[in-house]
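Labels for the chains are A, B, C and D, by order of writing; each one numbers its residues from 1.
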Amino acid sequence: MKRFSPYTDLAIEIAENIMTEATEIEGVEVGHEECDLSGTTVTNVRITDEKGAEAMGKPIGSYITLESEHIKENDIDAHEKIISILSKYIKYLCPDKERPTVLVIGLGNRDVTPDSLGPKVVGKILVTRHIKNTVPEDINNAVSSVAAFAPGVMGITGIETLEIVKGVTERVKPDIVIAIDALAARKVSRINATIQLSNTGVAPGAGIGNKRKTINEQTLGAPVIAIGVPTVVDAATMANDAIDRMLETMKNGASKGSQFYNMLSELADEEKYGLIKEVLEPYSENMFVTPKEVDAVMENLVNIISNSINIAVHPGITQEDINRYKF
Amino acid sequence: MKRFSPYTDLAIEIAENIMTEATEIEGVEVGHEECDLSGTTVTNVRITDEKGAEAMGKPIGSYITLESEHIKENDIDAHEKIISILSKYIKYLCPDKERPTVLVIGLGNRDVTPDSLGPKVVGKILVTRHIKNTVPEDINNAVSSVAAFAPGVMGITGIETLEIVKGVTERVKPDIVIAIDALAARKVSRINATIQLSNTGVAPGAGIGNKRKTINEQTLGAPVIAIGVPTVVDAATMANDAIDRMLETMKNGASKGSQFYNMLSELADEEKYGLIKEVLEPYSENMFVTPKEVDAVMENLVNIISNSINIAVHPGITQEDINRYKF
Amino acid sequence: MKRFSPYTDLAIEIAENIMTEATEIEGVEVGHEECDLSGTTVTNVRITDEKGAEAMGKPIGSYITLESEHIKENDIDAHEKIISILSKYIKYLCPDKERPTVLVIGLGNRDVTPDSLGPKVVGKILVTRHIKNTVPEDINNAVSSVAAFAPGVMGITGIETLEIVKGVTERVKPDIVIAIDALAARKVSRINATIQLSNTGVAPGAGIGNKRKTINEQTLGAPVIAIGVPTVVDAATMANDAIDRMLETMKNGASKGSQFYNMLSELADEEKYGLIKEVLEPYSENMFVTPKEVDAVMENLVNIISNSINIAVHPGITQEDINRYKF
Amino acid sequence: MKRFSPYTDLAIEIAENIMTEATEIEGVEVGHEECDLSGTTVTNVRITDEKGAEAMGKPIGSYITLESEHIKENDIDAHEKIISILSKYIKYLCPDKERPTVLVIGLGNRDVTPDSLGPKVVGKILVTRHIKNTVPEDINNAVSSVAAFAPGVMGITGIETLEIVKGVTERVKPDIVIAIDALAARKVSRINATIQLSNTGVAPGAGIGNKRKTINEQTLGAPVIAIGVPTVVDAATMANDAIDRMLETMKNGASKGSQFYNMLSELADEEKYGLIKEVLEPYSENMFVTPKEVDAVMENLVNIISNSINIAVHPGITQEDINRYKF
């Protein structure tokens, strides 16, 4: 029987979901890193074989999830620490080359605030490809050849995003593509509090809109690091979760063995799915849940992600430069 | 017993809520107008005495609700018809004077898209107060003395909105104040599909943020027409509705008289409220549900409301002028 | 001797400049059309051979210039007439095919208001390439296959614009590319009052920023229609013109044959150029002249150009559809 | 004879202008401070009596001008130093009271980028008036009672700005009003490179648009500190300057005593004014000169001015807090 599963892009949510039933999944390794910042953790989910891939519904590869409440807050010190952690992991996923050629791709629709993360990050990347080898040698040695680019969304361009990205990648010939996209989470608490890195590619429009053809090493011909941040929860997903938690709470409240408890327990998944579907009808797919202060939080995210990339890809750029100059 | 009632600003939603239980409410008159536009209705809820006011939880006065799916659509013909209906009702609530002095107040935070309705409408009002009596006589006769003004929100100004509005009203001395605000609805289906007019004032920030001191004839010293549009549903309200509808659906599915049915029926309101509260915990008050295309829809709303006001208050401005010139 | 010539992108300004000296230029044909709209003219400059190309400093081809004061005004009727004229000329430059495959390219920097014309037009193009052949036959027959795309500017992307455009063009394989760009004019009076069409390509960044590699049939492999609007005058160009006109006025004021007159006349171009250069020193290349209401005027331009293209390229889209629906 | 004098809001430009003719002006004291930041100076022009006021065409009072090329640059260290200098001078002009009640007024039109300085600064002021006395005592002691407010422009509101500001001031009853406005400079080199403080009030719309009634202690009933930044040069002013400098250059080039030199010298001011006027005709008052990167520079200015105010008015807010938290 097909389990009703509300949509999520986050490997960590899938893992959590499955792990309520089993403590270990074959072909999946989960590691944790405590960070030097209160309330901030890094979880590394590695899918190592096909079994793990099937269990998770995600391709083989690394899924690194940074979780921190400080992303939403206007605490610049905390942001600095997050940048330092994030840039380290981006570097870890990058090819081992001192000055790689990098193409940063900002996915999403810049005119829909929670989907504008990618295009806005592009605007803050220190691009150098057009001046590389025309600047003094010491500067030239301090920077990689970096280009950045926002392909837009298919609803505006009429062109499959993968096609545009491929056209540009073929000309830039990067050692690594870094693609940034806004994602959908399942839990409201994750909104703008989680950054996911992976080396398995990204399907544009996963968060807001329809999923498009996946951008990954196979389709693009260059390795891809995907950086995703859940900026919304689909309204239907949220309603579903509310109902699920309600049923759970009712069951917990009923005395075990009572008829009411048994009846709730006996509600087969199938029936529950039908109920939920009926209830959710009015929530069209184009409704989503966002925080009131979404604009301010997006600015924080853009700053954190663009500067993490700037530090990770340019050998001569440090946190100090980031503090001193705005890119 | 206090009934758990998710928040709504719309008189029509309160009336619907109560009327599921009774077909008539004392002190409340409900009238309907069919409009010359498919899928568009006007409902006029008049609270005529204290009994009605108590039943509705709203002050005595007129609450006119225009509902139309066409607000969200990019159908300019339909928008014209809505403008024609709306301007008629604004005129109906205005004092009976050929060229009244009008002060339009745009409430809300212009930097939070679904709350920016009021400030944006201000930008499209044909203001004349500063040129009145300095223009040729025929033009002067065609227009009223109109001023427009966005007071901002208390979180940005540090000043209670009512104070600012009072300060300006005392200087402009209008015959009528028209206040525009974004509201919160209870049902997702009402978002950007409903326009409410009333002559009983408005509490700024009702939709998004905390309720502030009410702007009405008593507090301001001038009669107030409030124009409100629900642009969001609070995330907690939506979750509550999902749960309510689920319980209802479960009850409908259980055979009447069965034990399961009885148990669900016997869930006292009190218990239900407790359950819902527990379930809703994670949905902070600062999360809300909006449609993906919120920017485009806001533009439609601004156009409809500002032009309805322009036609209603200026004796010489017609639909034709609106079509020809942009204000 | 090299003549000091302040920069202009407009063929009509070059022609006017040369024609003050000669009434006819070999290899250049100039035609005029009076339009059914007051104060609106269309000038067709055709450079027919290499001699004309050399005299004009522009490649062989058609340069159609629509001039109208109504672009700046908020007169919707006038805009309709301009759309009707402009769409006719776009069609005239398009390949003779009922439903051509079209790629619209919006050049320029969307974050610099007077340079944002191209990217904003892209957002209002009725794109169909992604749904072509999946819609009912009558709709399918009413539309061409149209895609639209904003490549950004080299300062942000690090990639030569021509490269990006080529990468996308190779994948879309259009019958025609329509490229929109903001231009620099020489005369302040032309700002936002002139639309230039040509079939000879465009060098991105000509108006604001540095000129980049030309996008034309030769470099792209597909014919190119360029639509350009002067939205700024370079500050140095404006200062130069003020000085030129001042010298002219002084000469006109001096009695002919007087010593003062003779001296002014004898100011060789070389000397004048030196003087002007000295005077202009403080006006850096990054200063330009724009009208105060530049945002509102850009909106008019975006509406006029996007709708002219929509009507020109889709066989089933008419002015009436444009009035009824917003794209 | 009335001297043709292109418009400037800057006391320092007026003083420079007069001082080319005389080294001292009666009733005007000019002091300089070298700053601990390369290329940055502070000039303090004090008009001490009516004679000075007449000579300068400005009221009696202090005019402090900070000039620095670093405002335009993205150098965060330099911005910190400028904030430290500026906050010191704001404090110097503030009443001598530990926790004054402050009303910050952001003048200008937020929808015209170079005029949006004031409204944008308002959004970054740490307002406290609405929470004062409701927070823990140590926080309460660290902050003054601060409110902030953007009255809009008369073209949008239909209300004289002074009226709105008066209405709000009467209710807030501040010890000091700090009004921020964008100004017009005479020299292109001053654009976004100069910040002028004064205690003599401000006439809104001086920079862009028509001058309105002055906001000062006399009209408002509370002392006023005006903070102004020249963000534009009027196009006609710039053209005039180009011509003036050209005539000067021609005179310098002509051998003294030659007829050409004498003729140029003999061009009476009156004639010159006529000539200039004729030449300037096409440059309407609504054209102005701005730098290309105006949006980015405005962001720097907003950051510098809002934080200088935050530090100057709140006894417990320091540069360190500014670095740590975003307001």
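Convention: a contact is a pair of C-beta atoms (placed from the backbone, for glycine too) under 8 Å apart; a residue touches a chain by one contact, two chains touch by 3 or more.
Treat the numbers as computed from the prediction; the structure is a model and nothing was measured.
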Chain whose average C-alpha position is farthest from subunit A's own: D
Of C-D and B-C, whichever chain pair has more C-beta contact pairs: C-D
CA centroid of subunit A to CA centroid of subunit C, Å: 41
Mean-CA-position distance for subunit D and subunit C (Å): 37
Distance between the centres, which are taken as Cα means, of subunit C and subunit B, whole angstrom: 45
Multi-partner residues of subunit B (each touching 2 or more other chains): 111
Subunit C contact footprint on subunit B (complex, rising order): 74-77, 323-327
Contact footprint of subunit C on subunit D as seen in their complex: 111-113, 187-189, 191, 208-209, 235, 238-240, 242-243, 245-246, 249-250, 253, 259-260, 263, 275-276, 278-280, 282-284, 286-295
List of subunit C residues in touch with subunit A within their complex: 111, 122-123, 127-131, 145-150, 152, 154-160, 163-164, 166-168, 170-172
